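Below is a structure I'd like to ask you about.
We just call them A, B and C in the order they show up, numbering each chain from 1.
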Amino acid sequence: MTGSLAGPSIWSRMMSGQTGPVCVVLIALFALWYVGAIFMNAPTQIDKYTRADQTWTTSQLIEDTLAQERPILPAPHQVAEEMYKTIFATKITSKRSLVYHSWVTLSSTLLGFGIGTILGIVLAVGIVHVMTLEKSLMPWVISSQTIPILAIAPMIIVVLGAIGIKGVVPKAVISTYLCFFPVTISMVKGLRSPQVIQLDLMRTYNASKWQTFWQLRLPSAMPYLFASLKVAIAISLVGAIVGELPTGAQAGLGARLLAGSYYGQTIQIWSALLTAAFVAAMMVVIVGWLERRVLARMGVKP
Amino acid sequence: MNQMKLDKFCLVGAIAALLALIFPLAGVDLDTGKQVAFVGDIPGLAIAMALCVIAGAAFTWIGVRSVLSGTVLLAVAVFGCWQAVSTLYDHGVAGYAGTGFWLFIISLWAFVWRGIDVIANYRSLETAKQQTANVIVPVAFGMWLLFVWEVLVAGFGVPQVLLPPPSMIGVRFVTSTDVMAADFYQTFVKAVLSGYVLGCGSAFVMAIAVDRVPFLKRGLLPLGNMVSALPIIGVAPIMVMWFGFDWQSKAAVIVIMTFFPMLVNTVTGLNAAGKLERDLMATYASGYWSTLFRLRLPAAMPFVFNALKINSTLALIGAIVAEFFGTPIVGMGFRISTEVGRMNIDMVWAEIALAALAGTAFYGAVAYIERKATSWHPSFRVRRH
Amino acid sequence: MTLKEVVNNVASMPASKDAVVDIKNLSLTFQTADGPVYALSDVDLTINEGDFVSFIGPSGCGKTTLLRVIADLERATGGDISINGVSPEQARENRAYGYVFQAPALLPWRSIERNVTLPLEIMEISKEERIKRAHDALKLVELNGFEKKFPWQLSGGMQQRASIARALSFDADLLLMDEPFGALDEIVRDHLNEQLLKLWARTNKTVAFVTHSIPEAVYLSTKIVVMSPRPGRIIDVIETDFPRDRSLDIRETPEFLEIAHRVREGLRAGHSNDE
């Protein structure tokens, strides 16, 4: 507190905002991870020592637990090393490159996301404008949210494979299926969000249905659309990853997870998992950035 | 007022039914080279088509205005649907359906749509009547979709390994209840419920603890929000490795999946109480726990229930997908992946129907409790108009 | 339907040549689960060209509903109404009136200028013309210089002025205002009242103005319509003869106080009926 005449220091500003606490929590998580790695890997390590009739010290034990080949919980630096190796040190065309696998997953994610979003918006427009569609279709759209849709993923892959459709498309179908529900529901809400007074205003101008749609309903729905797009892109990635499981580990992040679990390659699983998390985070960040751009152009209060 | 307005849907229905009587009902049998069936040989179908022509023509003229006329249309359509299905299966048209048959289906579609349309636009001041109408519409629509599925699959003779008709799935569902009960017990009762209770419960306690430390709150909330966008389901192989093939590993996946939505929502909810109300509690010199139980937790309930509802879906997904990574030889996810491998697609669909039922019932139960517990919330107030 | 309307219109046309709004025997009943609500009953009223008519009464007296019937935002269930000799629906289709709501109802994603040009865009008027008219309308409400600002950057009073400019932009002869200054504080409201009067004097528009403030009604109007609830009906119509360009000072004059007194008496009489 002393000497803070020139206002709060950078440090205290960081700590009173979000950045500081988030960093502290992240550091704590890493520390916890290391401790966990030591304790979880220690039994097998001690087992190994006893079998080799080797004497060991605590520091040696810690060192060895953090450097096992197939640890129960790999240490962060092991995962980081593996990620560096498979992302930067491998040619991206190689089957060992995580960039290659990420791209495989990402391409079906984006394809599914695109189709699903368009489908969702079209459906929402229909539901908002046709009373019968709303009453008959909307209850099903809502209740379909409660169904574990991912369960049909293997079937879609195998059935589409049986009629000769393979590769990106079946996974994109799953992603499409997953992401059009949140988009539809949000867009219905958004297209309905104009206040009565605003709709009355359009009526006093004798505006047509389409004019009301373009001038009032669609702009009002933008915040809702972006909120649902964030959910949709995330769930779309999950769909693509799960869609890669039944094909028996050919390519993609999901395949890396499955292959890792077949062969007990924990480091591989963790690096695939962290890469997937990174890709998901990037997608959400991009959608968020787009949202800010669009809303700023629309003059929404920052 | 005197201007005659023809009902377009009924007109389409009548014309399509009329054409259905003229065009060939079914294709040619590949072995015998003869037509499979004629309308003339199937009196039930002929009556149904004639009825459609008459009803369609009549309603084209007088218009479909009342619920009664809509119901009459639907009744004609239901009779038609029944005759169409019986034609497919009892007269060997399955796989050989021709132009006449499909025209008849188009005619039925026009009637069903018009009938549902009338009931959907029904307005009554009596809540009971209005609610009945609101239930009939989606149910009728759903039945129609099932019928279309059945007729398309059977009529075109789609191989059962691609898409079985709903009737076949229904039969499979009923005949393999013992297998499905075992799967349900393994996946839902053991894994989902235990994981759900543990995940939601621990996150709730954690949220109350975190709420007392503003520093932690600021650190955890953004991370928690971010985590909800990550493909957490990917931890499934790790959990299977750590906790074994049985339900414990699935429960562990569910705990992780449900933890963050609950944490974030509860922490947000605990801050939902207004400043005014908090100041009021302060004027009563109410202590932390007293304020927590009297004001902040009740105010947080809508948020908590929101998380509980989200988690009910996540939990089932988590359990099923985790079973794709390894499981004992029972469980819904296991059944789906193995039966897909054996190309028993009807069993897969039956299992998906079970998952859908379980998911909807689970969600419905949570929503019911929410309704009872937070009936004061504006979203549950009865709307007047 | 249409035939009946035509007959009615023909019948009502010769009534008064410069009657902008002509209402006869109008009633409006809402059906609700708790039984019918008589929002308007037996309303007779003529608004002439150039009039400034205020509707005053307690909440639930149907003053806003009446305005909405004139604007074709509600449909009457009985009686006759014509705007410029045609039905409200036709009047709306002809864009015969500008409507100002209780709240500014500006679209938050449009700048002030683009908000004002919104009705012109819907009427498919060319861009240069739109900009020119928006400029003129904003000048009338003294908001020139704020064209590029977004609604949230303006105070409540300025937002309401922008919404008035929007109603003025397409130059309809009839202005319908539904408690436009109800949410503003006294000082801002006085100022806007003054501006509104000037604008009315300058443009010679016909104004129908809903309010629940007695001084506002008396200060602004040439004709005050006092209404009462359950059923919503007119209980008194008071003509005033203040000059068209009046200042706030007239509120101290005995004539003003006398009329205000009469309005208050009317309101009280309407109230005692159902208590």
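One rule holds for everything that comes next: a contact is a pair of C-beta atoms (placed from the backbone, for glycine too) under 8 Å apart; a residue touches a chain by one contact, two chains touch by 3 or more.
By chain, with names taken from UniProt: B = Nitrate ABC transporter.
Please read all numbers here as calculations on a predicted model, not as lab measurements.
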| item | value |
| --- | --- |
| Distance-maximising chain from subunit A - centres being C-alpha averages | C |
| Which of A-C and B-C has more C-beta pairs touching across its chains | A-C |
| Subunit A and subunit B (Nitrate ABC transporter), separation of their C-alpha mean positions in angstrom | 24 |
| Centre-to-centre distance between subunit C and subunit A (centres being mean Cα positions), rounded to whole Å | 53 |
| Subunit B (Nitrate ABC transporter)-subunit C separation of Cα centroids, rounded to whole Å | 49 |
| For subunit C, residues that touch 2 or more chains besides their own | none |
| Junction residues of subunit A, two or more chains touched | none |
| Complex contacts: residues of subunit C adjacent to subunit B (Nitrate ABC transporter) | 1-3, 31-33 |
| Contact set on subunit C toward subunit A in their complex | 71-73, 92-93, 95, 97-99, 101-103, 105, 107-111, 118-119, 121-123, 150, 152 |
| Complex contacts: residues of subunit A adjacent to subunit B (Nitrate ABC transporter) | 15, 17-18, 20-26, 72, 131-132, 134-140, 143, 145-152, 154-155, 158-159, 162-163, 230-231, 234, 237-238, 241-242, 245-246, 253-254, 257-258, 260-261, 264, 266, 269-270, 272-273, 276-277, 280-281, 283-284 |
| Complex interface listing, subunit B (Nitrate ABC transporter) residues touching subunit A | 113, 116-117, 120-121, 134, 137-138, 140-142, 161-163, 215-220, 222-223, 226, 228-231, 233-238, 240-242, 312-313, 316-317, 320-321, 324-326, 332-333, 336-337, 340-341, 343, 345, 348-349, 351-352, 355-356, 359-360, 362-364 |
| Parts of subunit A lying in touch with subunit C, wherever the complex brings them together | 195, 197-198, 200-207, 211, 215-216, 219, 222, 298-301 |
